[in-house]
Each structure stands twice: as C-alpha cells, then as structure tokens.
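Chain IDs A, B and C follow the sequence of writing; residue 1 opens each chain.
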Amino acid sequence: MELHSFVSISHVILDYLGTLAFAMSAALVAVEKKFDIVGLAVLALVTAIGGGVLRDVIIGQHPPAAFTGFSHIGIALAAAGLVFLWQPPAKLTGWPLQVTDALGLAVFCVTGTAIAAHSGLTAPSAALLGAMTAIGGGVIRDLLSGETPILLRPDSELYAIPAMFGASITAFLIHFNIYSDLTGMAAALGAFGLRMLALHFHWHAPQARRRA
Amino acid sequence: MELHSFVSISHVILDYLGTLAFAMSAALVAVEKKFDIVGLAVLALVTAIGGGVLRDVIIGQHPPAAFTGFSHIGIALAAAGLVFLWQPPAKLTGWPLQVTDALGLAVFCVTGTAIAAHSGLTAPSAALLGAMTAIGGGVIRDLLSGETPILLRPDSELYAIPAMFGASITAFLIHFNIYSDLTGMAAALGAFGLRMLALHFHWHAPQARRRA
Amino acid sequence: MELHSFVSISHVILDYLGTLAFAMSAALVAVEKKFDIVGLAVLALVTAIGGGVLRDVIIGQHPPAAFTGFSHIGIALAAAGLVFLWQPPAKLTGWPLQVTDALGLAVFCVTGTAIAAHSGLTAPSAALLGAMTAIGGGVIRDLLSGETPILLRPDSELYAIPAMFGASITAFLIHFNIYSDLTGMAAALGAFGLRMLALHFHWHAPQARRRA
C-alpha cells in the first residue's frame, strides 16, 4: 500500500514533469522561430496536450482528459510564460531539457497505452495509440512551426522507437494481466533508458537504400 | 421577446456572414497560391467549418454541427464558386473582408464557448475551445497552403487575443449564469472591437527577447 | 447469393489492395525524402488509415475501424517493410502503383460514403465524408512530408473529383434505397474509370484567372 501510494504519486509528478518538458521544448522552438507570445503559448499548449487529446478523440473519451481539469493546461501556459519572461540559459536547456523530455516520453507512452487498452482496444492498437500519445504533440509542434517532423528525419536520435518499446511492453503487461503501477514504472524506465542510450551513443534509425 | 428574437436572428446572420468571410479569405489565398478549383473549394470549406468541426470532435458532438445541415457547407462552396468565377477586386477584399472576418471571429469565439460549456466543460476549458473554434479554421488554412500559421507570427495584428478575450467573457457570463443572447452579443462586440482596434492601430503581440 | 458473396469478397480484396497502394505510395515518398525507417513506417501507416480514422472520429465511431482489427495496420506496416528492404524498381511503381492507388481511391470513396450515411448523416454530408475518406490520407502524407497537398495543386491530374464523383453516386444510391454491393461496385468503377481517364488524358482541374 505504501509502495502503491508512493508509485502513484511519483507517477503524477512524472506526468507533470513530462508536460512541463514538452511545453518548454515547444516554447524554446517558438522563441527560435521568433513567434510572438501568442504563438509561444499556443505552441507550448498543443505540444504538451496534443498527443493525449488525439488519443482521447480517437478512443472516444469526451471531453479529453486535458480539458477536465486545469493542471496540464496550467503547466503548459506557465512554461510558456516562464520562457517568455526569462529565457533559460543554454546550460539549462541542453541536457536537463532532454532528460525531462525523455521522462515525459516514457511516462506518456505507458499511460497512453494503459488508457487506450482500458477503453477496450486490443494490445497492438493500444500500443500504437500509446506511442502516438507520447510523440503526437511533438509532431504537431513541428508541423505548426513549419518543420518536417523530427520523428521522420534520419538526423535525430531514436525517439519513436523508445516510445514504441515502452508502449509494447505496457500492452504486453496489460494483455497478461500483470500491469501494475510498479511494472508500468519498469516499462517507463525501459523507454527512458533506451532514449537516454540513443542520445548518448547517437543511435539513429536506418534509412532505406535508394536506387541510383 | 421581440428583442430575443431579433438578437437570435442577428446571431444567425452573423454566423453566416462569418462563415462567408472565412471561406472568402481562404478562397483568395487559394487563388494567390495558384491552386486549382478543387484546392480552392477544399481550402474554403475546411477554413469555414474547420474550427467548429475540431470543437465538436473534441467535445463529442457527433456528427459535428456543420454536417447536420447544409447551410455552412453550402455557403463555403458558394464563396469558393464566386471567387473562382469572379475574383473580387482588391477594394472589396481589403477592409470589407477584414471587417467581415472580424465578425466571424467574434461570433465564433462566443458561440464556440457557449457550445463547449453546454457540453459540460469547465469555464477555462470552454473558453479555450471557444477561441479554438474561432481561430482553428485559419490555422488549418495556413497549414494546408504551406504557410506558418498567421496566428503564431509576430508580423500580424492581434487575432487570437480578441478571440480569447471574447471567449473568456463568455465563459465568465456562463459561469455566473448571466449569459443570454444579449450579453453574448456584448461579448462578441468586445472581441470585434478589440480586433478592429488592433487592425487600426497595428497592435502586435510582443515577442520574447532572445539571448545573444 | 453467389453474386453477393463474390462481390463482398471482391470488396474486401479491393479494400486491402487500396490500403496497400496508399501505404506503398507513402513509403516511396518517404524514401524519396530520405526519411528513416520510423518515418517510412509512420508515413505509410497514417496515409493508409488516416482518411478512415478522420471519418470515424467525425461520425463518432469509437474506436475507428482501423484499430479494431489488425489487418489494415498490418498491411501498411508490411508495405513499409517491403519498400524498406527492397525498393521496387521504377517500372513497378509507375503505372501499376497508379492503378492500385486508383482502386483504393474508388473503393474508399464508396465505402466511406456508405459508412457515413449509415451513421445517420444526410446525403451531401455523407458524400463529403466519403470523399474525405479517400483523399484524407494523402493530404496527411503531404503535410507530414512538407509538401503542399497534391490535392490542391493544379499540376496534378484530377484526384478529388473522381472521389467526389464516386461518393456522390453512392450517396444518391443510398438516398433512393438502391445501394447494394453491386451498385456500389458500379459507383466505384465510375470513380476508378474517371481517375484512369484523367491520368491518361492528363486532365487537370481549372484554375481561377488572377487579376493582373
């Protein structure tokens, strides 16, 4: 029970940290792109809640979770305000932001899969939607800011693969009835670790050879 | 009663005028981009109904209002046909179009918020979705035509802020049970006035300072 | 009965062929764009199932049909894998791919309209959503790969118009209660034939004249 509560609270904290990291990354992109404060707030908001809203719209969760409370929207707007008023120095937006972003990726692929499976989806579909929860916001961010989604490009370290890894493990755990806060945390840790390793060793997904 | 009917009819007229303006603006962009008649019709349609469809999909209104009748789709396609056959001269597409577009913005942020609140959303979420109703179509238009959404760019006069202003007042009115056709019209008038002032005085939203 | 079964099986085969063609076309675009294997799989998947998921989200079919089984997702991922491992030579990706893609377009505009009408939409709305089912995936593919949607551009042969043609005939058939597997196949054949004729004779949709 103690452990359960501890894990659940950790989970909420990680969920908020991930939301914060996604919003911060988008706000920094917005500054880079010279967007105004509206663009900064919009980009931070859709990046932070976009993946989850997409998932909820697809599984028929109305209204999407992000709109039932104000914590995720509030965190995203606070991140936008912070970056607007005090743009963090580069040393805080390098590794610290990547680690926090990886935490968000890891948490969202696990919780996204669990929510999708709970709505009645089969394991493979739930895993797909879970990965989409984790990476969807970033794709919307890139589209809105006029970039080819990082997800698709070969010059970025593995991002979707750790998400798909964590989501698949989660779907597997759920399918065999051994999903719990604890095993879910382990799946998230796996996704987080894989993302960190990919960043550290500059692992890239392979490209298809093209005909001459 | 008389007043109530009068206001409701005005509301329907403004709703149609806004739809027309949104479709016209998109059709003119399509001509500028040298799209063909299909591109012109598609762009006019998704711009005119896109914000409302997004809202309805998020709150779980199936099918979205735009698909239950044919008036909005018909108006959008008629606007596309008009621009295709007889491209309006510049003097009709400058200020007149901006005023009509501002009417659409003002009406949609109020009605969008009211519809979202009626579906059970809390005031802040309803205001967000209301503003999204008003600005969503334009974002889709810009994405499809290969432009960075005007919404995000600092070189455009305030657009999202008047929408958020009208939506917030509406959410406030609803929260305190004083929303009516009349107070709703006042909220729309506030959003419209703010947009007009922004256009006239070239008000821009501030940008974050960037580190050297 | 014999005929009915034959037509229904043909229908399933065409549905799978269309999904395969859409996924292949996207995978080839991904190779062209030098995306990595993740980009290739994501692009193939969203192109193949995107139009149908959009339709289902709009009509309130939760979860969307593509997520209830694994056949469409499996076909899309298999196509991505095939293109990754063995990029088909140009002679297989020219006319053969265009014919298969036209089959997909034809099948999806008919089945999309039928599904939308079955959900309670009126004929014009059902036709619109049916056409969107057929062309939506391609629009998402172009947006994600940083291109102006082919749909909007005058330099491509008629694509949306055959889809709208097949969808309108289907909506008409349903409205007058004469829709069956057989008449539905005829509508699909009409859309297919129109697309093939447009490709063969290089029919383009007209552009609006622009003022000097």
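The rule is short, and it goes like this: a residue touches a chain if its C-beta (ideal position, glycine included) is under 8 Å from a C-beta of that chain, and two chains touch if they have at least 3 such contacts.
Values in this document were obtained by computation on a predicted structure and should not be read as measured data.
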Exercise. Would you kindly give the rotation angle relating subunit A to subunit B, two copies of one sequence, based on a CA superposition and rounded to a multiple of 5 degrees?
Key: 120
Quiz item: Any idea if subunit B and subunit C meet via the same residues, over half in common, or different ones?
Solution: different
Quiz item: If you average the CA atoms of subunit B and of subunit C, how far apart do the two points sit, in angstrom?
Solution: 30
Quiz item: Residues of subunit C touching 2+ other chains?
Solution: 57, 60, 143
Quiz item: In their shared complex, at which residues does subunit C touch subunit B?
Solution: 57-60, 119-122, 124-125, 128-129, 139, 143, 148-149, 151-154, 158-161, 204-211
Quiz item: Residues of subunit C touching subunit A in their complex?
Solution: 30-40, 42-43, 53, 57, 60, 62-64, 67-68, 70, 73, 83-85, 87, 89-90, 143-146
